[in-house]
Amino acid sequence: MSTKVVMEALSPTMEEGRLVKWTKAVGDAVKAGETLAEVETDKAVMELVARADGQLLQQAVKEGDTVPVGDVVGYIGAPGETVAASGAAAPAVSVQPSAVSAQPAAVRPQPAAVSQQPSAVATGPVAVADATRVKASPLARRIARETGVDLRLLHGSGPGGRVVRKDLEGAAAVPVPRPSSPVPVAVSGAAYEDVPLTQIRKTIAKRLATSLGPVPHFFLTSEVDMERAAEAREALNRQLGDQGKEKISFNDIILKAVALALTRHRACNAWWQDDHIRFWNEVHLGMAVAVEDGLITPVLRDADRRPLSEIGAVARELAQRARERRLKPEEYTGSTFSVSNLGMFDIDQFTAVINPPEAGIVAVGAIVPKPVVVDGEVTVRRRVRLTMSCDHRVIDGATGAAFLRTLKQMLENPLAMLL
Amino acid sequence: MTTATAQPQQQSPADAALQRRMLREMLLIRRFEEKAAEAYALGKIGGFCHLYIGQEAVAVGVSAALTPADYVISSYREHGQALVRGISARAVMAELFGKATGCSGGKGDSMHLFDAEKRFMGGHGIVGGHLPLAAGLAFAIKYRGGDQVCVCFFGEAAVNIGAFHEAVNMASVWKLPVIFLCENNRYGMGTAFERVAAVTDVVEHACSYDIAGEVVNGMDVLDVHQAARRAIQRARKGGHPTLLEVRTYRFMGHSMSDPLHGVYRTKDEVEEQKRKDPIHQLSHRMLQAGTIDQAGIDALDAEVHAEVGDAVKFADESPDPAPEELLRHVVVD
Amino acid sequence: MPTITYRDALNQALREEMQRDPAVFLMGEEVGLYQGAYKVSRGLLEEFGAQRVVDTPIAELGFAGIGVGAAMGGLRPVIEFMTWNFAVLALDQIVNSAAKMLYMSGGQLPMPIVFRGPNGAALQLASQHSQAWESWLAHIPGLKVVAPATPADAKGLLKSAIRDNNPVVVLEGEMLYNTKGEVPEGELLVPIGQADVKRAGSDVTVICHSKTVAPALKAAEQLAGQGVSAEVVDLRSLRPLDESAILTSVAKTHRAVVAEEGWPHSGIGAQVADVIQRDAFDELDAPVLRVTQADAPMPYNKQLERLAKPTPDKIVAAARRVLYLD
């Protein structure tokens, strides 16, 4: 009986792999654990190893072919043995049938229900699940599922590195809200209404309490003239409109300006890491998005390197999926700095709470026309107030002020962004 | 102790009608068991199935001495006792077939026939296990001041079991209205009683426990009937238990899966015993006395043939128990 | 509310039920003239007479079977075993006759019978007289099994058992007979199949029954001193098992320790752990741990006996482990 060699999930996110090179030829003796082939995953080139002893009977895919995880790439068996007729096209793979037969035969006393249980669970790359398995208590798994925490990013404090509930309490996790949650409804006559905390609300509470309390905040505010940015935006949008493309918003311009300003003020693009400070060379901007029962901060990766039009598209797409709660964990973790905008709520100015371990966040108010003195004359200009919250352990007053000044200059003179 | 071997019948107290009834009941059991053997061979009956062929006179003789209010409890070779207690051939056969219409709803089996209304308190499958139950039924009768009795059928092999001694002792101490009726067919499955019992006359155990005892010829239904009447009367009057050792013989193997003869008994022995066939003995006596003629016997036989044929058809056509029966009656809801 | 012993609570239950229903009778070794080996039946012979308080020979199989037969005949027997160690001789009647009668008769013969007596270890009674049988008995479909820990539960459960139309096994405790507790006067029925939270807590659930309830409560006290809030759930009934009480508590604490007097293999705790893993898998923050008697016959030597038994310290240690404190 030959054993199938299947494309294994060699990274947690891998869905397919390109077989770069066979390291065993047909007819070669192989032992379980020996490398059969090199496979390029979405992240790296990895080794595909034999799961059985014997001889490589067949290479079912050519070098360079890309194969979905779970598909057969070859067969191992006894010398001279022929491969079962099902061939290379067999869709998925079976793991050892004995693993399947370990299913409990009887479950509960309902005999009818039991007899309807499928007796075998033969599809799906079960074996690979172990390779990426995170040891976590069932409760920790449930909380992680409900709050959207990626268990792989955590260090478990339980026996053998098991992730337990307490490890999730301090996790750098941003919740994925559940589709429905109790919304407080005013009940006439009642002095108050007690509404239980949802998981997302609990997480927000915990996370923000670990911010304002332990993080020594200070705040810097600057009013920025947006008139030239507005002119630039109108010009750009005319052009984009002619090309049938999506228009850019003030927020896109602010995101882009913040990202560029950060590249010039690395001191503000940093994480507080208790015993060290990590200064980032990449700029990943968290953008706070209000969702039905909380907020979530999707990450605009490499914001400094993306063109303005792309920032707009990506930001809208992320925000949309955030509201639909369809973000993947890696799409809301790993930001280096954040921006929060409440301009649409007609808030002139506010202070935002830092999202640890980041060291700063910029709070954007509404853009409002104001009488200002320009060149000795009172005139009406569109103005916005930006407030930066800084973690004083990372950013000093002057450091923050310098960053904010650069940001102001870029917005007031969009051409400066090109410098 | 009043150990007494029954004397040959000088004058039958049973009238012709009673004899005719007993002949019919023995024929019914015989034909029923033959059909059961056939159905077993056809795979209609599964599991264990212990036939009563050869021992018919015991159940019939005792049953004729009981009232409907009396209790009967038995071991796993109890088809005959169930039938003469009044459970229909249909309900017994359907139980052997494992059908919903069986007297235990198809959940008992050949060894666990029950009809509480007919006071047939079960076949029981653990050798000797039902002897204490018989004493308990008698205890309940006495507790309530009733005049019923409980007859407990068991094989001679049960005498070697502790439960026999515990039950007989307490029945004697408490003067319970119970008749311990040992059907001594000489073999516990494939082991001759004398090979495993220090005292081979079962009746002698009556002496140990200070109760009445009698040895009875189990191939003679009238002899069984007379002895049963005496024992039942003793129990009814003053709650004195009796141990009846009824000497009988099974013409078949221990169960359907056992040989008729072989290493433990010879074919000659079985043939010799078959010459004492209780049905033949009674019919011969009745023919001699002129209380029946051959045509009458043939008519009775045809009647029970039809009854058993109908029972098989009924059992065959009856439905299996519904799946929900699996979890029903585990406890009273 | 009067404070009485567990022994007297059982006595009250028997007396009240025998007064209420003339079909109820008590049978067993030394229950009458001697007033009961543990004096549970004190005064009953005098009140109800020898027909209803029946002294038997030492013949557990026989009188258990007589009880079953009497139940078939419409009575409601209470069969007392001097201890459950001797009741093993009667298992054929309990298992093959009592538990199956209803089922194999196709529902014709209910079995209103109670089998009761002390279960488990006392003090230095050694191997053959120090055994906890609940997992054997709770294994059997057709039986109900209760194991009261307090005088009030003893009275309420025995009364419920006597009124039940199924065979009910009542596991008492020699070491419990002298314990005292408040027992409400008059009618007291504790439903069979209902656990009781003997102490509320939030960090860890200790599931116990019968003689492990007291050590579990002591353990909870010790844990409280260490800042751990333990919830003590007394199962009271082992069959049917109050799964919802177990699950409710574990959903609150996310950690469970099961304490029992029996041996570890195939024990009650294994059953409870199965319930938890099956229906509260996502609630668990740690594996369920069990505290049991040592996996050995009970030694006579006092020190060894102490080592063998479940103790508050062992329960505390298990609780700390499921809390990842040790």
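The chains carry the letters A, B and C, assigned in the order they are written, with residues numbered from 1 in each.
We adopt the following convention: a contact is a pair of C-beta atoms (placed from the backbone, for glycine too) under 8 Å apart; a residue touches a chain by one contact, two chains touch by 3 or more.
Predicted model only: the values in this text are computed from it and were never measured.
**Student:** When I count C-beta pairs in contact, which pair ends up with more: A-C or B-C?
**Tutor:** B-C
**Student:** What chain lies closest to the overall centre, CA atoms only?
**Tutor:** Chain C is the most central one.
**Student:** Which chain has its C-alpha centroid farthest away from the centroid of subunit C?
**Tutor:** Relative to subunit C, the chain with the farthest C-alpha centre is A.
**Student:** Rounded to the nearest whole Å, what is the centre-to-centre distance of subunit A and subunit B, using the mean of the C-alpha atoms as each centre?
**Tutor:** 81
**Student:** Quick one: subunit A and subunit C, Cα centre-to-centre, how many Å?
**Tutor:** 54
**Student:** Any idea how many Å lie between the Cα centroids of subunit B and subunit C?
**Tutor:** 41
**Student:** What residues on subunit C touch subunit B, complex-wise?
**Tutor:** Within the complex, subunit C touches subunit B at residues 25, 51, 54, 56-57, 59, 61-75, 77, 92-93, 96-97, 101-110, 141-142, 144, 164-166.
**Student:** Once bound in the complex, which stretches of subunit C touch subunit A?
**Tutor:** 254, 281-286, 324
**Student:** Can you name the residues of subunit A that touch subunit C in the complex?
**Tutor:** 137-142, 157-159, 164-166
**Student:** Given the complex with subunit C, which residues does subunit B contribute to the contact?
**Tutor:** For subunit B paired with subunit C, touching residues are 71, 73, 102-109, 112, 114-116, 121-122, 124-126, 129-141, 143-144, 162-163, 166-167, 169-170, 173-174, 328-332.
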